[in-house]
Amino acid sequence: MKIVTIGGGSSYTPEIIEGFINRHKNLPVSEIWLVDIEAGKKKLETVGRLAQRMVEKAGINCKVHLTLNRREALKGASFVTTQFRVGLMEARILDERIPLSHGMIGQETNGFGGFMKALRTIPVILDIAKDMEELCPNAWLINFTNPSSMVTEAVQRFSKIKCVGLCNVPIYLVKTAEQMLGDSNFLLHCVGMNHYLWARHLYYKGNDILPEKLADFVRTTNESEQVRNVKNIPWDVNFVQHLGMMPVSYHRYYYMTEQMLEEELTKFDGGKGKTRGQEVKEVEEKLFKLYEDPDLAVKPKELEERGGTYYSDAACDLIQAIYTNNHQIMIVNTQNNGTLPFLPDDATIETSAMITDAGPIPLKATALPIIAQTELHIMKTFERLTIEAAISGNYDTAIQALTLNPLVKKGEITRQVLNEMIQAHKAHLPKWQVRK
Amino acid sequence: MKIVTIGGGSSYTPEIIEGFINRHKNLPVSEIWLVDIEAGKKKLETVGRLAQRMVEKAGINCKVHLTLNRREALKGASFVTTQFRVGLMEARILDERIPLSHGMIGQETNGFGGFMKALRTIPVILDIAKDMEELCPNAWLINFTNPSSMVTEAVQRFSKIKCVGLCNVPIYLVKTAEQMLGDSNFLLHCVGMNHYLWARHLYYKGNDILPEKLADFVRTTNESEQVRNVKNIPWDVNFVQHLGMMPVSYHRYYYMTEQMLEEELTKFDGGKGKTRGQEVKEVEEKLFKLYEDPDLAVKPKELEERGGTYYSDAACDLIQAIYTNNHQIMIVNTQNNGTLPFLPDDATIETSAMITDAGPIPLKATALPIIAQTELHIMKTFERLTIEAAISGNYDTAIQALTLNPLVKKGEITRQVLNEMIQAHKAHLPKWQVRK
Amino acid sequence: MKIVTIGGGSSYTPEIIEGFINRHKNLPVSEIWLVDIEAGKKKLETVGRLAQRMVEKAGINCKVHLTLNRREALKGASFVTTQFRVGLMEARILDERIPLSHGMIGQETNGFGGFMKALRTIPVILDIAKDMEELCPNAWLINFTNPSSMVTEAVQRFSKIKCVGLCNVPIYLVKTAEQMLGDSNFLLHCVGMNHYLWARHLYYKGNDILPEKLADFVRTTNESEQVRNVKNIPWDVNFVQHLGMMPVSYHRYYYMTEQMLEEELTKFDGGKGKTRGQEVKEVEEKLFKLYEDPDLAVKPKELEERGGTYYSDAACDLIQAIYTNNHQIMIVNTQNNGTLPFLPDDATIETSAMITDAGPIPLKATALPIIAQTELHIMKTFERLTIEAAISGNYDTAIQALTLNPLVKKGEITRQVLNEMIQAHKAHLPKWQVRK
Amino acid sequence: MKIVTIGGGSSYTPEIIEGFINRHKNLPVSEIWLVDIEAGKKKLETVGRLAQRMVEKAGINCKVHLTLNRREALKGASFVTTQFRVGLMEARILDERIPLSHGMIGQETNGFGGFMKALRTIPVILDIAKDMEELCPNAWLINFTNPSSMVTEAVQRFSKIKCVGLCNVPIYLVKTAEQMLGDSNFLLHCVGMNHYLWARHLYYKGNDILPEKLADFVRTTNESEQVRNVKNIPWDVNFVQHLGMMPVSYHRYYYMTEQMLEEELTKFDGGKGKTRGQEVKEVEEKLFKLYEDPDLAVKPKELEERGGTYYSDAACDLIQAIYTNNHQIMIVNTQNNGTLPFLPDDATIETSAMITDAGPIPLKATALPIIAQTELHIMKTFERLTIEAAISGNYDTAIQALTLNPLVKKGEITRQVLNEMIQAHKAHLPKWQVRK
């Protein structure tokens, strides 16, 4: 079994390698190909050698290849994972800083920043999918490149490659439920979209206890460690109880927009402060320092500070579930097909699903509250217009998408910031031109 | 035929009186009852006497009654029109100033202000409808009390009274089309919701010419006089053409939020400036000065400055169309019943309809673009949650409604402003209490 | 204004000519082209000369042309009407007799017979529409070729020609309501599909009186003259009242299948009896005898026995309504576009609509009872599969369509009768082959 | 754990007892209460004593109680299964013979017979559910009383009791797939309604192989043993391939109505022949003879001839899956909740689902072909009208339901046969009266 990791020079790589090592008995990976581009060559070599040392130390029968030749790597692959970032961390920092300088949420996957990341990433992922159609048409593409919902939907709609999107955010919901119950023998049925997911049912000892446990769930969430990317501003118990479902951390951008914005603007400090991207960049630099140590042959603990914890674990679990057809229930990004009847059949949603070797089969939840249906309708229409814009390069479609996004300021300013963004990301947006 | 006008002390009254005078041949109104509350007694007397002089001068067979006794007035009425304002102009001014002082759009019918107006008005209109069920169960309620969409929907869903909502905004679309074509022999098919309406088709000489005439339509709109309440910031031709439909003036709050907000904040000047409500109040004071003149026996030209031009004209047209069953096409607020299949059947929408003596029958337009469907989905869900909150007094439902509204800031601030509003409007919100 | 009538050699022609003569003041038709095929040459000449004598006698400024050259006729036409019959009356007789010989309803437009007529007619109408796209792209096609719903839908979906379908059956509903009320000042709002239509609302003096007048409506229908094609078996008042809408005559095939079948089988008498097609053929022969009389210059009264009364009247009314943009309410076959939200947007339905010069705009009725929705779902799916089969020639699609039709026997017999039909109609079904 | 079996005197009982014996290790049932009514006392004693001997011989720690006191039995139950037949086998025989004598399909669960069975059974099951609400509100009702879809839906909609419906028919699909593949390591994803179910996907080794295996599936089905109740007339490979899904045996009543009817009529022989009910009655009499043997202490092999094979096995599997929360995939009758988006949320459907201790969670299949959607729409509307009639006793609703059913003759005959049925089943239809 051959695994290919696009963006193999990422600081995350030791985590996924550890994942494969730990599962080797049930998931006998024989080749791991770490692929990167010329600009990431140095990082690829550093982290790649660590990966090789890890595998060697583990004593498993598996070979780690490092390459800049994507097509060579893809040939005959069984699973392809993606963790690349078009424009590297510098692009993310622009996605954060430009909106902030105009008083808008500046965030990697939400609002204007998430929109720009989609414009840059979708053409690249479709290129990869096209290569896969030729070189490994039966391989699974396990996407955890953000914005995961849009990137996954682009592949699912515009290529023939089997693709599942993954995210670490839902895992925090599950961990919190576990912490609250002091028991792991439950089923948390989640449904929504990536970064816009809710826990809808909590099945425990024969009943859906979510309604009576919501207040408790909120308290546990407010007090426990959550995803690092999003400031853990406490949820209002009344608000969540009236909603009747448990939101994920990222919902704060929509339900507490002002507090999140204030928080970000304070940190940004009129341009003098750092954004999350810059912090992560520093963490990464430190990590790569560690990775260079030729005596290091395990995943260093410091990687956990990086943010994307559980990501690679989820990816390895998913690969194993597909490979062994073990019918595990996971929360994944897959095609709607009527699971949320008010969204198009070919929309990508995030949902609890049973994993089979033919892919995820969504579990059907009861109808969402009308407010949640409305929110998903907004977010998905924004996403579909964004995907359309990313593929066509149509400026007006871009404006229309942004006009629907609740985190973007509307009117003349939308055009101005879009122009500024096109200018700033010019190298990675070949189809796009400023419009006066 | 007996007509009752609730809020008869309004400065608008001369317009509706003129309307009945002009149509008297086809619409033989024999009694007009102007009703107001104690607080509006003086204005009722002033404008009421003018009304009486107007009718007398016109020499038609019709008697104008002035009363503070609503139930007496309603008995046996054929048509009831409403133009009242719970809390008078002072309440409107609060609806504008409080949001502005928190950096949000401060507007009578949109955003936080419109929400508060709905909370105050819906219980009152339902009281009126209840009286009507008893005293004139077959009468038509012609509502032009704002926010018209929510007020009309409340009556249509929660009483047995036949109700149609009216607005002057669509008339500007029609006037603009007329100006553009230099011809009045066309059919402008409009659909959407009140203050969120689009011209969807422009039938002219056998074809729907809207698509090729949109740019022209935009230019004509940008250059012509429009509804006074909304600053006429020019539309971007590209934006409208990509949308494929002609928006109304109020769409600027949603498509150019930043410019509208800036405009308002500049005028507000940190609290030192006046809002539209205050201007209107001054205009009204001047009007009432004029109305006092015992020699005045026609509608004074100055009333046109007031803002609601065409309103009363529309009301008289509608009453005549119902009375004569003339199958006129008008743009009215009526129940959806599948006209917009993605909204509930019992939602009130604004649409071109054929008027019969059994009420409006909507004309069916082709499917809206997905972006418009999404926007209406948001706005209608906001409205339905607001109606629910207005009836129940539930604080959490109010927060949920506001969280969906694109013109309201989200998070802790929502609660703070709601509390401030409840405090400020205490006298007209008996069910509502501040929540810390 | 040039009118073209395809199938101009039909015995109906004097009626449509009379219609144009009577309306000439408002509808100044200057040329009428009667087109037929070689096989219909003699009839065309006979009825065509009568038409010429009628126009001459009326003294209007209009010329009647007779031609076998369809393309010459179509050039520059304003309106094209169709009244042709592929395979002439002989084909209809086969459509009736073959199903009857297998114990199934044998009827021109319903069941197996209607299905076969669609297979023969759809390719021909699409050919005509293709000619029109080239020779008179702005002309209106007024279709009254049966099965009207499928033939109209085929044109509306698979050509660019503007097309409205018409039928005389709804007129009987209107006439019956008029007879019942003793007044013509009402609005009968009908909705459904061709030959599967219901009166949904009866607006009269300000109210929808249908519910309380249904029993009366049933009685009036049972006692009055109805469409000649369908035996007037009395409706059960209980049944119709529970349905809550007034059915058309053709509904008897679905709601009283057994009685209709018995009636037909008795008349058929094991093959010794005549079917309706044979009777009509005889009537037609007599009519043509009359038509030959060079002194005849008006529509002979005997034509009314023929069956399609009101058809041509409806066509002339529709043409006039489009031409003068008079906003008349008519019951027509037009695209659904959400009027019946449970059917596809591009399905052709029959509905009350306001006629404009840009075509019919459907009036929106309230939701149909669930049983009616289900029935229309069946009938429309049958129709769409039939259209698909008529275009593709796919045998399995044909079987699938027939399997859904409530008047067709299911199983091996379906295949047998389809084979027999293909054999019998071979000359007009070039794409079809028997399958053993 | 206490299990209650309503209709415990059924000849099936030894099978369910064997099921509990075989699963005792994982499903430690401690009490089994067999309940029956006075009329079934003798059978209850015979089969009950056999059950007691079986349990004793198996040496498991479980007690079998026999009682005519349903309320005593229900108190504190964990699971209640139902296998009763209102009116016993005599009622079934009438359901078969009366329609046949009028030339209609005479069948226990389909057409007129299934309709009558629903009228008799639904009031009784709702009584049982009412008792359960009082005596064992947390128990699961495992229904395998036919017509299972309607009986289960009645409980799911009109009581608070948790209910799952079961049928043995889907098991034959699974067995046939197993036989075809020579492997049991596949997932057959089925969806539809009870006795109207299709295999939609066949996941095997990472792919949905149903499309390319359909012809094979048809051949295997045609050649293998299938459910005994339905004559195994071979499927037409073309028909099934065009459908794109594998039908169940009962689909023959709808897809091959004529052949099935001929088959039945031949056997019925103008009233001289036996129906399936009579055969089963004879088999049962023989079985009860066997059961009386005091030396018999195992399920006799002859029971397999009875027809309902796998039924009890399915029930025991389901009870075990709920009890152990083992996430097994089973095909069950449960609430739709959007699984089939074109049917109401509260409709009961049959679908592959993951079984948890909180009930089944449906697996989401891709959209059904439009023909299947239409068919389910018919069948479900028929069912819902039938349930409504069974509860209300409304004669017109009954006629409406029957008019929709494809196996029932329409018109005057419907009323005649309904009257005959009401007369024949008088003792078990207290609400119903003949209408002349």
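Labels A, B, C and D are assigned to the chains in the order they are written; within every chain, residues are numbered from 1.
Keep this in mind: contacts are C-beta pairs under 8 Å (C-beta built on N, C-alpha and C of every residue); 3 or more make two chains touch, one makes a residue touch a chain.
Treat the numbers as computed from the prediction; the structure is a model and nothing was measured.
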Minimum number of chain-to-chain contact steps, subunit B to subunit D: 2
Maximum centroid distance from subunit B, chain identifier (CA atoms): D
Gap in Å, rounded to a whole number, between the CA centres of subunit C and subunit A: 58
Approximate Å spacing (C-alpha centroids) for the pair subunit C, subunit D: 45
Topology of the chain contact graph, where touching chains are joined (line, ring, star, complete, other): ring
All pairs of touching chains, each written as two labels joined by a dash: A-B, A-D, B-C, C-D
Subunit B to subunit A touching residues, read off their complex: 236, 238-239, 241-243, 254-260, 370-371, 373-375, 377-378, 381, 384-385, 395-397, 399-400, 403-404, 406, 409-413, 415, 435
Partner subunit C, residues of subunit B touching it in the complex: 138, 185, 187, 189, 201, 203-208, 322, 325, 327, 329, 337-341, 345, 354, 356-358, 361-367
